[in-house]
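Next come two complexes built around subunit A: one with subunit B, the other with subunit C.
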Partner chain A sequence: MIDEMEPAPKGTDYDLYFGPAHPGSGNFGVKLKVAGEIVVSARADPGYLHRGFEKLMEYRTPIQNAVLSDRLCVLEPLNWNLVHAEAVDELMDIDVPERAKYIRVIMAELSRIQSHIIWYGVFSLGTGFDTGFKMAFGYRDYILDLFELITGGRVYPAGYICPGGVRRDFPNGARDKILKVLDKMGEMIKLEELENPALGARAKGVGILKVKDAIRLGATGPVLRGSGMKTDVRKDEPYEIYDRLDFEVPVRKEGDAYARYWIGIEEMKQSIKIIKQALKELPEGEVIDPSWKKPKLSVKIPKGEVYVRNEVARGEAAVYMVGDGGSKPYRCKIRGPDFLHMIPVLEYLLKGAQIADVPAIYWSLNICPADMDR
Partner chain B sequence: MDTKETGLLDEIKSKFKVDGRVQREQRIWISTDGSKLMEVCKWLKDGGFTHLSAISATDWLKDGKYELTYHLWSYDDNILVTVKTKIDRKNPSIDSVVPVWEENAQIHERELHELFGVKFKGNPDLSPLFLEDQEDVHPFRKDFNWREHVREKFYNKENEREAVYYD
Partner chain C sequence: MKLRIIPKLFKNLFSKPMTVRFPHESIPIPEGYRGEHAYDMDKCISCGLCAKICPNRAIEMIEAPEDIKDRYPKTYPKIDLGKCCFCGLCEDICPKDSIELTKNFFLSTFDPTNVIKYPTPKVEEQVNG
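And then the complex of A and B:
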């Protein structure tokens, strides 16, 4: 695209900093080299949210790490709870009760909807549709109220999904409340599907990512599906009870910002479907392995290693946990989807884009700096 | 039992003479030495392992080794192969896999170079990623004393309020 254009007039090439203090960027910056209106090259500037989780986890026992794992992503803490808990379960060979598996899936899917709502909101903001932003944050509160009822925390569940199962059973009346909130979400999706013409015009044909490049750059999740690859960890490698549930994987071929946005909307519908099925089949029984009922402060993590993959709202999340016989994990590598989306994919997509398209491309990737910096 | 996992493992074992095991469904672990790493990686990439899920390093302080692990996923077979290789802790350097997985490998190696100090020969850009204004610091090594480092780097002994951090 750059080659076709005439060279920018002298004096119009300069460096432009997008973030870390930009209202739409999160704790993350991109340095753009700009010629006129066109971005010549982009370089990601991460690290503003680096807290060294992998090192912190080496100093803590699994039950402490369960609380820590919330903070891996502000927008979907329950999904990250789940990845960490599954890694410990597999490494320590813990049997998770059936009811806990269903509750884990219900909570993870609620968290996914909640994260996609924010995605819709900030993407609307990035494309100049402010009403969408306010609507999204308004509807998100219904789910936060549910989280408060079930886990005790509105945003951070404080290790609700912990090794062995889940911390508490659903309180009385939670089932009806969840169903009521799901109806609200259905309402919201109907409103979101009424496409704002400005949003369509700003997003269609912008930031095109071909499937070959997407795989090469390490894209996963909605970004990869928006480029036409039908893949989902929940289908490829079913964990918990996903193999018993009936849901579809939405795919779009175009690979532009609009396709990724559309995937987000469709995934919310599928999540609602999943939660309804899981609530219907929810069995009775224990919600946590009896030996983990009281928080276990001294445990013995056996020698060995596991690599657990999950599908979180943004893509593939994984935990590589190594045990050496002590009470703390010897090494806990966390693979966040945004590490790849925010550095190689974003740098690739911004090259050659118009300055005005930067927020649309940026937010179409559903970016959250927390699990990139870790 | 003959599954696709054992079939693939046998093929890799007979071709490269490496150790390996099938952990469970969809999980294969292979150990190789550094000299064979590139061959194995190229062969796996051509065999459909196009997605490099992660590269990780483990610091085995007692053995004096770093263990690098390459987690590879195949979208065709739905199998995760982990290739493990050990390198010397005193002189941690290994061939880069950037020619195989390109940008994806590049960013993972850049991260490990910063946090563990592993040198990847052939990686075009190993500049600092997360840490700013910290030279020659590799905080994820097991022998890194972070208490000491924070005290020296951020606290001033002369300052009354900060002096409490000096015991």
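And then the complex of A and C:
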């Protein structure tokens, strides 16, 4: 399919391979056809990170799948934990304790901030603003320290948000530490908001995606909001405790790379707001359904099907799970937001762009090959 | 706008760096960190739950070595750290708290046989050798 590219005619037409071994591309490639400085056509080249999640999940019980669901996206494992756990909760009709719901939201939002920080970092790196990259990864470590304290692992929480609630309660002093880290994050956002001329010049007016095209190509999350559509699953179809929290959905009309970058910064502010509210109202009590306190090996997933959707940092994530009465799900389909961002949207945006703008467009979509290839 | 950099510059000059000088000092590891396993053979009742729940099948129930077989006649977990994802489900499901995850995260090695933990009695081993 991808190898059908016609040979470049003599002159200035070349085939240019961006990735999969490019330092700025992740495990993903784009095959560009360029004429001089202009990209004539782009073909996404996925498949370098395919691990077969959907099949693997059919061979594992829900608690094992909770651990597996970390790996769906390296940059925000807790959000993916949450989608999976919600699907199991709904299918098996498990009552999640109130405190667990609050902890789930706090952790998911911390994960979202962390993911946006990485996005800011690699976006800065792609546009030649190295200080932003160093700064972002430095501040990210404060959140990783928090994850280490709460979940026991820096990057992978190992199914911290599991069916029935969360696996551990907050340790002593976690609350104060979260507030301290949030202050640090506020400090970082202030630095990021300083308009950097290098970053602004590289990102403004680049990769414009109109709202019509965004909807047609299936964009969700920050990409769609950056094009001017006010949509957020947390507001439209609230899950957990999002209906009780006060936050705003940032929207920007321009639809260019800079607008998407701006959405990322604004969302971090909103996440901080959400976490502060949730910490204030955090009730006492159990953190997991009593029957799930010990990891359950023999469960019975009733016959039926559920479709659960969540807002993860990159867009809309969903799990479609079918049970057939056994201990393992019969089918588990995962919808990652990046599949549509990385193939149709990226191909559309790169067409007609300058070669120098490719990294800015590529990273402004906040893409992660892990949940695209699955 | 350009002058805004000056107070930041002075702040950065006199503030501590974000990193630590790693081999000499390190960030303390919190309680509950999921690192290398500590396994107590005497507490183990050979139920095999850890092997069943392990998502990566890193735990296998095997018989004890010949020299201690008379004292430990059942099967015991052999943990392959190379396959382990350090999720801690074995620790959570163990009814006798015989497996625990410790804070040790220095697990890189040049010798692939080092990553497999065979069942060995905890105290006896130190006494004998």
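The rule is short, and it goes like this: the second predicted complex is superposed on the first by the 364 of 374 C-alpha atoms of A that agree within 3 Å, B and C clash if a C-alpha of one lies under 4 Å from a C-alpha of the other, contacts with A are read in each partner's own complex, and residues count from 1 in each chain.
Here is the rule we use: contacts are C-beta pairs under 8 Å (C-beta built on N, C-alpha and C of every residue); 3 or more make two chains touch, one makes a residue touch a chain.
Given the structure is predicted, the values throughout are model-derived calculations rather than measurements.
Colleague: Tell me the contact category for A:Pro171 with respect to subunit B and subunit C: first, second, both or neither.
Modeller: A:Pro171 sits against subunit C, while subunit B stays out of touch.
Colleague: Scan A:His50 for contacts with subunit B and subunit C and give back first, second, both or neither.
Modeller: In the superposition, A:His50 touches subunit B alone.
Colleague: One more residue to check, A:Arg252. First (subunit B), second (subunit C), both or neither?
Modeller: After superposing on A, A:Arg252 lies clear of both subunit B and subunit C.
Colleague: Answer with first, second, both or neither: which of subunit B and subunit C does A:Val67 touch in the superposed model?
Modeller: Once the two structures are laid over each other on A, A:Val67 reaches subunit C alone.
Colleague: So in the superposed three-chain picture, is A:His84 touching just subunit B, just subunit C, both, or none of them (first/second/both/neither)?
Modeller: Neither partner.
Colleague: A:Leu194 in the overlay: touching subunit B, subunit C, both, or neither? Say first, second, both or neither.
Modeller: second
Colleague: Quick one: is A:Ile215 in contact with subunit B, with subunit C, with both, or with neither? Answer first, second, both or neither.
Modeller: first
Colleague: In the superposed model, does subunit B or subunit C contact more residues of subunit A?
Modeller: Comparing subunit B with subunit C, the partner touching more subunit A residues is B.
Colleague: Where on subunit A is subunit B touching in the complex?
Modeller: Residue list for subunit A touching subunit B: 46-47, 50, 52, 54-55, 215-218, 220, 229, 231, 236-237, 305-307, 309, 316, 318, 320, 322, 330-331, 333, 335, 339-340, 343-344, 348, 373.
Colleague: Going by the contact rule set out above, which residues of subunit A touch subunit C in the complex?
Modeller: Against subunit C, subunit A makes touches at 60, 63-64, 67-68, 138, 141, 145, 148-149, 152-153, 156, 158-159, 167-168, 171, 194, 294-295, 297.
Colleague: Write out the stretch or stretches of subunit B touching subunit A in their complex.
Modeller: Those residues of subunit B that touch subunit A are 23, 26-27, 29, 50-54, 56, 58-59, 69, 71, 73, 75, 78, 80, 82, 101-104, 106-107, 111, 129-132, 139-140, 146.
Colleague: So in the complex, which bits of subunit C are touching subunit A?
Modeller: Residues in contact with subunit A: 4, 18-19, 27, 29-34, 49, 52-53, 55, 85-89, 92-93, 101.
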